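See structure below.
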Amino acid sequence: MTDATRERLGRYALLGPAALFVAGVALLPVLFTLWLSLRRQLPIFGVSRFVGFENYRFLLEDGRFWSASAHTGYFVLFSVTLELALGLGIALLLRQRFPGRGVACALVLLPWAVPSVVAARFWEWIFNSDYGVLNYLLGTSVNWLGDPRWALPAAILADVWKTTPFVALLLLAGLQVIPEELYRAARIDGANSLQAFRRITLPLLMPVILLVLLFRTMDAARIFDLIFVLTGGGPANRTETLVVYAYKLLYRTLQFGYGSAVAVTTFLFILALSLAYLRIFRRAWRMREDR
Amino acid sequence: MDWKQLLRWLAGGLLLGLFVSFALGPFIWQLITALKPAGQLAQLPPLLPAPPTAQHFVAVLGAPGFLRVAANSVFVAVTTMLLAFILGVPAAYALAKLQVGGRQVILAALLCFSMFPAIANVAPLYLLFIHLGIRDSVFAVVITHSVFALPFTVWTLTNFFQEIPNDLYRAARIDGCSHGGILRHVVLPLAMPGLVSVGLLVFIFSWNEFLYSFTLTATERSRTLPVAIALFAGLHEIPWGEIAAAAILATIPTVVLVFLFQRRIISGLTAGAVKG
Amino acid sequence: MDLDITNLSKQFKDQMAVQIPSLTIRQGEFFTFVGPSGSGKSTILNLIAGLEQPSTGLLRLGERLLNDLPPHKRDVAFVFQSYALYPHLTVSQNLAFPLELAHIPRETIRHRVQEVSSSLGIATLVDKRPAQLSGGERQRVALGRAIIRHPHLFLFDEPLSNLDAPLRAQMRKELRQLHQRLNTTFIYVTHDQEEALSLSDRIAVMQAGRIQQCDSPRAVYGQPANRFVASFFGSPPMNFFPAELQASPEGTFVQLAGRRLHIGELSPLSPKTMAVTVGIRPEDVRIRRESASEGWPMRISHLELHGGQTYLELSIEGLPLTAVERADAGYRPGEEVRATVGVERLHLFDAQTGARLTLKASGQ
Amino acid sequence: MRHKVSISSLALLLVLLGVTCSQYRAPGPNEPVTLVFKHAKHPRYAALSQLIRQFEAENPAIRVREEILPSSTDEQHQFYVINLAARADDFDVLDMDIIWVPEFARAGWLLPLDPSVTPAELAPLNPAALRADWLGKRLYAVPWFVDAGVLYYRKDLLAKYGLGPPRTYPELLETARTILGKEHGSHLVGFVWQGMQYEGLVCAALEFIRGNGGELLHDGKNPALTEPATLEALAFMNGLIRNYKVTPPLVTTLNEEATRNIFQSGRAVFMRNWPYAWRLLNQPDSPVAGRVGITVVPHFPGHASVPTMGGFHLGVNIQSRHKAEAIALVRFMIRRSAQKEVLLKLGVLSADTGVYRDPEVQQALPFLKDVLPALEQAQPRPVTPYYLMISQIVQPELSAVVAGVRTPERAMRSADQQIRHLLEAQ
């Protein structure tokens, strides 16, 4: 064996263990789910047979699937947008140097350290329209989780609370590498802070923003625990998202084949979104490198 | 300082204050809940517990197996972190510093696996562990957690490692380092801030994870904290005070870690986040 | 031990980065690869060091075939442009690092670190970390890390380009002294022609992965093998003019800017005339005041002072010409002058291929 | 230095791995059989351990290990589904919500118990509960303890206005309105029940529907949702919130605990809940301790009350390697003496109806005399393997009615169509 081949083998040997574990623990279950999604698998009907894309065809006429998709889209759009806006605000504030900055950073980060099941419990307690602290503080008596108009926004608020720290953290990291001289140059060129933000901060931060969008969209589109604990999909199914629906199909009603098809479709939606992001992402990077 | 700047500082301080209270509010409320006597839980006002009671904390800490479960959680989170490093560091190194064919594809594929809804693959995963004979063991949980932490680990570490100048890596090879030696002597010491943040994130992920831990464990021998908290509820009865107390207790370690390492996390992610 | 390079090539995707049919670098030689960025010179160093694998070809150090040896077994030391000091190690740890990896006894290591650091004048810095050092100090540590291994080959990849001018001049001198002291082969890569000329025993001029000329500094400067080599060396750079070469029974003439210059015999010239490029080094242009009758009449458009010298920007028939004169000659912009060039100072290149045309007469 | 740290941590990891792996060992031939008993975290489940020790004392060759599941029925169901579908054999006896029994039985995951469990043993058990355990001609589980919807009322408030506990829904409405009219100024509401989108809503709604002579499903296969009796009952539920304002709109977020919290803090006159709330309502620090009455859920005039039956049943995993021993444990648990312990110590309602006549029981738990009629009249939700699917279809539609976003007609027509589609698809 020549040094070159040994060298090449060495590279793959480094990747090997990780690849092996991922293939075993992540890939196999995914393949199994794919296989299930092509079957009609209903233990209580005693049915287990291959049906090709029948489950996927049925998705088209399943109104509940489409409304779950719509709720998921709504959730992703608003939670990610809000998280991005808030996160950016926090990051911009935390970039300033001021006494107690470290403590402020840590405090803002806190919600992210809470297990999501526990965070959902926090908010269930806060949103309680009878003795919840939110109505008490606002002096309102809104039925946060029980009113079809408010339930999804309430879930979004809870999600924003939980994940904005992650967004703020990544954006703050991104902000810190924008050279200070650029702002000085912009000031000399007569830009005010808003213009400096639009012309310097935003374009230079774009890759990080896209990265955040990618990770957050992936997560938000798979929202489950939070909604499951807060509303269970209700009222009137107005908060039922794709994964909540898939969960009910798989574990409440044992429709293994169809439930897997919903899960796989969710995955495909996320994949399509991510590919779109990655495409924009790569373009943004190329632009930045050309500069 | 002129008045305009003063105004800006004040506005900034106010906004930050708002953000911080938004972040902290639910915590404080949870703490208040945990300190309220059981009879006052479903009442508002009073806003503050009168008098505050430690009964819920005592109940949680005294619950049979709670400490065992807490120890499991620590073990699982720490071991997950180590395993994620043992698997992820060489892979990230290979992807960052060696011209591995199909690098983009490997990274994209890794990301793909983390997009799959967990509820769908938890059942097949469980079957797998039954076949391996490690059901209801902390190791099933550790392996699962570390594999699902791998995409994040590899992505972020790859970025950190890319920040290390190529010349250093070449110098180490000339000086006689093997790949392992380069990792040990050059890459790891230099990427320490990155490793700290990734390690912390993986720790928090594992500490907080519920679905896999719940499915893969059956007894207190292997159960982790979030699963134990889910067990606090009775059939109909939900002891809010105890859940709040347990939640506060379960959050403390991560909060302490965040406080200890917040500077490191920020500086660590700086390097990693930028290149995506 | 000589380094023999045979048929070496390195291909990156669709691009040939390096192609060297044959080259021998002799034991103890200070050999420099010089060329613009992207000319493949750094790739050669990487191939020699074993940091990259050649697509074809053999590398031999003495009797030993290097190809299949990992970098640290090739007995080479590498000094990087960025110094590549390990930021987390102190100076002495940096120096000791390669020796520790080679499992050399601790006592020997300490001894050698002491010896090297005092010989390079960095003995007081051994407990500092690279971040606490100045550029020149880092450069010395990097040198020290190379020296301490007693290698057969030193490889330098633009080691001075991160230093400021005065420090660079000093380090150049030190490098030269170091080479004399160690009497080991130095292989040096730079894009700086002055550095190459001042340091090297021999220079290989690289362009597009190929060696254009490999010779002593004097030869590379005085008899550039082609127009590229000619243009690469010299500051200010050589002037070039399109001209025509005419062969007639009386001899060979160059038709340049309205004048017909006799340049003696030229080796085989099959067509009677051919298009050539004439190269004139600025220092070969002689300037006289207007009163002289010889030479081309010109006007000074611009002056640029360089210490004791002045660069004169002139033009003949719309073509620019740079000349160098003593600063105290007192020329002023706008002044009319006459310029002459010794015929033997003209460099002739084939206008198509750029290859040097050799004059028989001026041959020796 | 640094690499020594990483090597030592690796070594530590390996040691720990070894330690944990060494815990796994196969039982020797002479050791007693160990049964694994999976059950939810029932109230005061510690008392269950005593019962199990008693079983072990009687059967020295059997050891029982309890493995406790979260009491969230979703998490429990998920756990069982994953394990049973995977043919897991590492637990032997399992407890199941009454609505899962036909499902698990139909899926072939449960061991038929009928030859071993004798009719004599079954005879004292609640017959309505037992109905859920038969599929075809075989018995797949036995009721362990039962549950039935009951109506809680504020004894003190009713007495203040000289009113008795209501028997019908119009009476309840009238009573609530009378009291609310007089007690204005306080944050009092009339009637709280489980209105969140979950299984509890189906239980509550079914009591309204059946109390009006309606049904969800006839004979386990014909949907009855669009029948007038059903629609009327649902319109009444909606009316409680929107017309009569006796039930607050926040009912759409209420589960059992949330209703109890409201009622327990003294802010509701009536509450539909399960008997478990009794003990908590009468705890010393409860604001309503001693001021609560309990009665059968109401009905509409001309019909009878039909409380919804809940409760947990015991079955044996068909993959069990110790089937005989597992059946022994199940039989032990329905024995009169065990059932009495269940009632007295666990604080759940025994499936054995005879226990309630025990003087000792009557003395210890006097409130049972009010609960007993509910247990006797209670009916299970439609007994069919597809019940969970049907419930998944019905839940959002009921929730839509309660939230006021759909009329009962529209909601039930939609549910009806989906159920028909589902039942045809088989």
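A, B, C and D are the chain letters, set down in written order, and residue numbers restart from 1 in every chain.
Definition applied: a contact is a pair of C-beta atoms (placed from the backbone, for glycine too) under 8 Å apart; a residue touches a chain by one contact, two chains touch by 3 or more.
Owing to the predicted nature of the structure, the values given are computational and were not obtained by experimental measurement.
Trainee: Can you tell me the least number of steps between subunit B and subunit D, where a step is a move to a chain it touches?
Mentor: The least step count works out to 1.
Trainee: By number of C-beta pairs in contact, which chain pair leads?
Mentor: So the pair of chains linked by the most contacts is A-B.
Trainee: Determine, using the mean of C-alpha atoms as each chain's centre, which chain is farthest from subunit D.
Mentor: Measuring from the centre of subunit D, the most distant chain centre belongs to C.
Trainee: Taking the mean of the C-alpha atoms as each chain's centre, how many Å separate subunit A from subunit D?
Mentor: Comparing mean C-alpha positions, subunit D is 35 Å from subunit A.
Trainee: Report the inter-chain centroid distance for subunit A and subunit B in whole angstrom, where each centroid is the mean of the CA atoms.
Mentor: Chain centroid spacing, subunit A to subunit B, equals 16 Å.
Trainee: Can you give the whole-Å distance between the Cα centres of subunit A and subunit C?
Mentor: Chain centres of subunit A and subunit C, defined by C-alpha means, are spaced 56 Å apart.
Trainee: What is the distance in Å between the mean C-alpha positions of subunit C and subunit D?
Mentor: For subunit C versus subunit D, the centre distance works out to 89 Å.
Trainee: Would you pick out the residues of subunit A that each touch at least 2 other chains?
Mentor: Each of 130-131, 250-251 in subunit A touches at least two other chains.
Trainee: For subunit D, write out the residues touching at least two other chains, lowest number first.
Mentor: Those would be 78, 82, 85, 261-262, 265.
Trainee: Two-or-more-chain contact residues of subunit C, please, as numbers and ranges.
Mentor: Those would be 50, 70.
Trainee: Help me check something: in the complex, which residues belonging to subunit A touch subunit B?
Mentor: So the residues of subunit A touching subunit B come out as 10-12, 14-15, 17-19, 21-22, 24-30, 32-33, 86, 89-90, 93-94, 96, 102, 104-119, 121-123, 125-126, 130-133, 136, 161, 164-165, 169-170, 172-174, 176-177, 207-208, 210-211, 218, 222, 224-225, 242-243, 246-247, 250-251, 259-260, 263-264, 266-267, 270-271, 274, 278, 281, 285.
Trainee: Contact residues on subunit D for subunit B in the complex?
Mentor: The touching residues are 2-3, 6, 9-10, 13, 16-17, 20-21, 23-24, 38, 40-43, 67-68, 70-72, 75, 78-79, 82-83, 85-86, 88, 90-91, 256-257, 260-262, 264-265, 273-274, 276-277, 280, 283, 285-287.
Trainee: Per the contact definition, I'd like the list of subunit B residues that touch subunit D in the complex.
Mentor: 37-39, 41-43, 75, 79, 82-83, 86, 122-123, 126-127, 130, 133, 135-139, 184-185, 188-189, 214-215, 218-219, 221, 227, 230-231, 233-238
Trainee: Give the list of subunit B residues in touch with subunit C in this complex.
Mentor: Counting only subunit B, the residues touching subunit C are 165, 167-168, 170-177, 181, 185-186, 189-190.
Trainee: Once bound in the complex, which stretches of subunit A touch subunit D?
Mentor: Residue list for subunit A touching subunit D: 42-47, 64, 127-131, 143-148, 228, 231-238, 240, 248, 250-256.
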